[in-house]
Amino acid sequence: MNTPDRRTYRAVELAELLGGEVKGNPDQCISSIAPIDQASTGQLSFVARRQFVKKAATSKADILLVTADLASSLPHTCIIVRDPYRAYAQVSQLYWEKHWFAPSVHPTAVLADDVVVPADCRIGAQVVIESGVELGTGVELDAQVYVGAGVKIGSGTIIRPRVTLYSGVVIGENCMIQAGTVIGADGFGYARHAGGWEKIAQLGGVRIGNRVEIGANATIDRGALADTVIGDDVIIDNLVQVGHNVVVGERTALVAQCGIAGSTVLGKDGSVGGQSAVGGHLTIADNVHFVGKAMVAQSIENPGQYASGLPVQPFNDWRRAVARIGQLKNLNDKVNTLWAKYGELEAADATPDESSST
Amino acid sequence: MNTPDRRTYRAVELAELLGGEVKGNPDQCISSIAPIDQASTGQLSFVARRQFVKKAATSKADILLVTADLASSLPHTCIIVRDPYRAYAQVSQLYWEKHWFAPSVHPTAVLADDVVVPADCRIGAQVVIESGVELGTGVELDAQVYVGAGVKIGSGTIIRPRVTLYSGVVIGENCMIQAGTVIGADGFGYARHAGGWEKIAQLGGVRIGNRVEIGANATIDRGALADTVIGDDVIIDNLVQVGHNVVVGERTALVAQCGIAGSTVLGKDGSVGGQSAVGGHLTIADNVHFVGKAMVAQSIENPGQYASGLPVQPFNDWRRAVARIGQLKNLNDKVNTLWAKYGELEAADATPDESSST
Amino acid sequence: MNTPDRRTYRAVELAELLGGEVKGNPDQCISSIAPIDQASTGQLSFVARRQFVKKAATSKADILLVTADLASSLPHTCIIVRDPYRAYAQVSQLYWEKHWFAPSVHPTAVLADDVVVPADCRIGAQVVIESGVELGTGVELDAQVYVGAGVKIGSGTIIRPRVTLYSGVVIGENCMIQAGTVIGADGFGYARHAGGWEKIAQLGGVRIGNRVEIGANATIDRGALADTVIGDDVIIDNLVQVGHNVVVGERTALVAQCGIAGSTVLGKDGSVGGQSAVGGHLTIADNVHFVGKAMVAQSIENPGQYASGLPVQPFNDWRRAVARIGQLKNLNDKVNTLWAKYGELEAADATPDESSST
């Protein structure tokens, strides 16, 4: 595993770093992190909610990140912060070996003559950078990355191995893109005719905001005429498909293997669960959350959580369930026949044929 | 964005190019294209259907592509063509910068000694071409493409960065394959035994027709013994999976993230919607269209549109719907009990137990 | 196609190789393989089950792989083995050209100074190997593979072109990984806060067992703290997503485009069908099989086959089915009203309101 350097931190150091306050021994040291129930001597953990206090009380962790109201009920050295889970994330970053190599341009990288590389950038082995590319300060392009003509990459952005950026793609600052992802490939646009398909040239681009994270082997297509747009602070998981002219609102999360069809607009602060499919030309409001495997065929105006699909059953139960659904017409007919003869009039307004589908 | 060169075209030039006819000012110029409701001065747009004529009448576009019957009702300079949408696609291509570099072989490309490169081919940086490869005229292999031993690529085919073509793959003429796609990897074939899985060597190949378009990060496996076959004019979107020995009929479209399992035969002029799954060893007729997220477990003999899946609902509605489906047996039992006592004999032939599942 | 060398084998040679026994002519030769109904002169095929004996009797194959009980009823030269299908797989491997190039390190490969390459390894063009990497004997890294710092690859493992192995990934012996797959990218871990997402550094690794096969363009994320673990003899198809901290039990098969969400534990000897989604933090027992497109939202304790989803119907039938499911509440209400008035008491315990959802 990615051996974290074993650098040791004192409680007071971490408190300062996190803008928090120490309760207990300011010189208490930790050299790694762990979940509350697995933490042992020399480790830091966190308590985000009151229901975990009991578990926390017996934790062997040497330092706990907690909120003020919980600190008092814990015997440990604590660092009091507003958001313990976020603080835990910040500490985790101290243990990540971010930089794989010193600022430099690898001799096997192929750069167009007009490309200027700021002194503190890292350009890995066999990277290819075409003409007209603009790089911010501290950009890291890992091995075998392809950067097409006229691409712009903002300061502090890290691009992992074998990412492909087509010509004209614009990426903001402090983004991270995992290996194998393709940004700016042609959208799926064709005019059907008797003999086949006439390709509609995809003349738009892709604009990605700041602090965007994109997983591995994902695909984000360029626009047909306008650009495909990914807002600031969006997080995108592996193998996600984003079609041409899609707009993803700020802070929205796209989970693994979901797909957003062309020209759909996703609101802010939403989420699309794993393997969900959002159809084309739809508008999804802010704060809409689709659970995994959701099938979204219409626009959504109201915030909230939406779901679809049938969870698994033992195979034979499932076969029967599918059959019964197929037989609903017959069931309806029989019930209506019985109802007509024996039903109560005052209940008649509830007949399926008159009721609106829920 | 992919700055389109701003080359200007006169109506008469375009008409000749499209095999159309000018109505109005033959010297009217345009320098870019746009949708009918967004078009402004200096732009060309199109009207494909009568219902858009009203919108078109107020369009600021300087040139419209229309059919003869609609031209008269529009004040604009028009180019009269048989298929305005296709014509629009053809004009769009005038604005695409197709060629990223001059015909050449980049010095960092690695070619086997026996590979002959026709003078008008483009071989990008760090392309690898193994022994026995045959390239047609005007083939473009962008940076970091891998071409395995014995691969054949037809004239005019463009392969974008980082595509992998395994040994023996055959690709037709005028195809385009987007970045990261893998063609000819081993199919998923194993013989199960007590200790695990015995690999069945995948000895077949992949044959791709002419004018085929394939998206980014897609996978098309090689056959087990016979070849996997993609017909002429097929269009395939991003992240699509095509299993070993699949045959895809001419002009069929495979939309993003759909999957076709091994040995299935898809007919001509069909479509498979996004995230649809077509099972293995099936035969699908011509002109069959599956909407997004379709679950296809049996062969389809009749042309038409097919669908499955439940669209999203608010989470609690969905939970109740799932529960009610689970309770269908009880509902059936109660209705049958009531029916047996009060139902009409002449309606008896409609009882669920006797009816065939639809 | 991948022209199999036409090397000829005698029945007696194959019998020895397979640990089988010849019935008929030990000098009978074959030079290729085929399915029983397509096999012709000079070809070998197999009969795995009694129901195929009739078909086999008329097969033109020159050698058949069969079990002892079936051999007598067939006129062909047979090789009697315990598992004909596995034997067929073993023979298929004789016709695969495994080695694309002689043991060597291609001059364009970029190796860190401290990397030691055993004499019988194959390192292809433009492979990049970072510092601290350990390779077993006979490892094959095809063109453009990226091997991150500290990666360990066991003896006999073959890695096809353009695979990316992030730092610290550990791969066992005799594995094969197809092109474009990414192993060890960051898991999808973030702490939400008002302003966006705080990244949780993914400090774990990925440990892959022996004889594991992984398809093309798949993604297997590194763990958050502990490792993501793929057991021995697991087979993984194309475009599969495995989230951080997932554990996949030995011999389990993951079919194309399925996804396993973070921290889920899959048992041994199971299978996850194509496009199935298994939710996060679940535990799935051994010998559990999910059919294609399954939606798994809860842990599964009992072995067996599980399914979900509605197979496709003609579009209008599907629309009606969806509407009827939406009307189930009304149907329930009407039936309950009728039941209350006319139902039999002894059947009352079957009322939906009292029954548990199945």
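Letters A, B and C name the chains as they come in the text, with residue numbers starting at 1 for each one.
Assume a contact is a pair of C-beta atoms (placed from the backbone, for glycine too) under 8 Å apart; a residue touches a chain by one contact, two chains touch by 3 or more.
Quick caveat: nothing in here was measured; it's all calculated off a predicted structure.
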item: Chain copies touching (chain A, chain B) - same or different residues, decided at half shared; value: different
item: Relative orientation of copies chain A and chain C, as a Cα rotation angle in degrees, nearest 5; value: 120
item: Cα-centroid distance, chain A relative to chain C, in whole angstrom; value: 26
item: Computed distance of Cα centres, chain B from chain A, in Å; value: 26
item: Contacts with 2+ other chains: residues of chain C; value: 108, 126, 144, 162, 180, 217, 239, 257, 275, 309-311, 322, 325-326, 328-329, 331, 335, 338, 342, 358
item: Residues of chain C that touch chain B when the two form their complex; value: 1-4, 33-35, 83, 85-86, 88-90, 92-93, 95-97, 100, 106, 108, 124-126, 143-144, 160-162, 176, 178-180, 211, 213, 215-217, 232-233, 235, 237-239, 250-251, 253, 255-257, 274-275, 292-293, 309-315, 317-319, 322, 325-326, 328-329, 331-332, 335, 338-339, 342-344, 347, 350-352, 355, 357-358
item: Residues on chain C engaged by chain A in the complex (per definition of touch); value: 108, 110, 126, 128, 130, 144, 146, 148-150, 162, 164, 166-168, 170, 180, 182, 185-186, 188, 190-191, 193, 195-205, 217-219, 221-223, 225, 227, 239, 241, 243, 257, 259, 261, 275, 277, 279, 290-291, 294-298, 300, 302, 304-311, 320-331, 333-335, 337-338, 341-342, 358
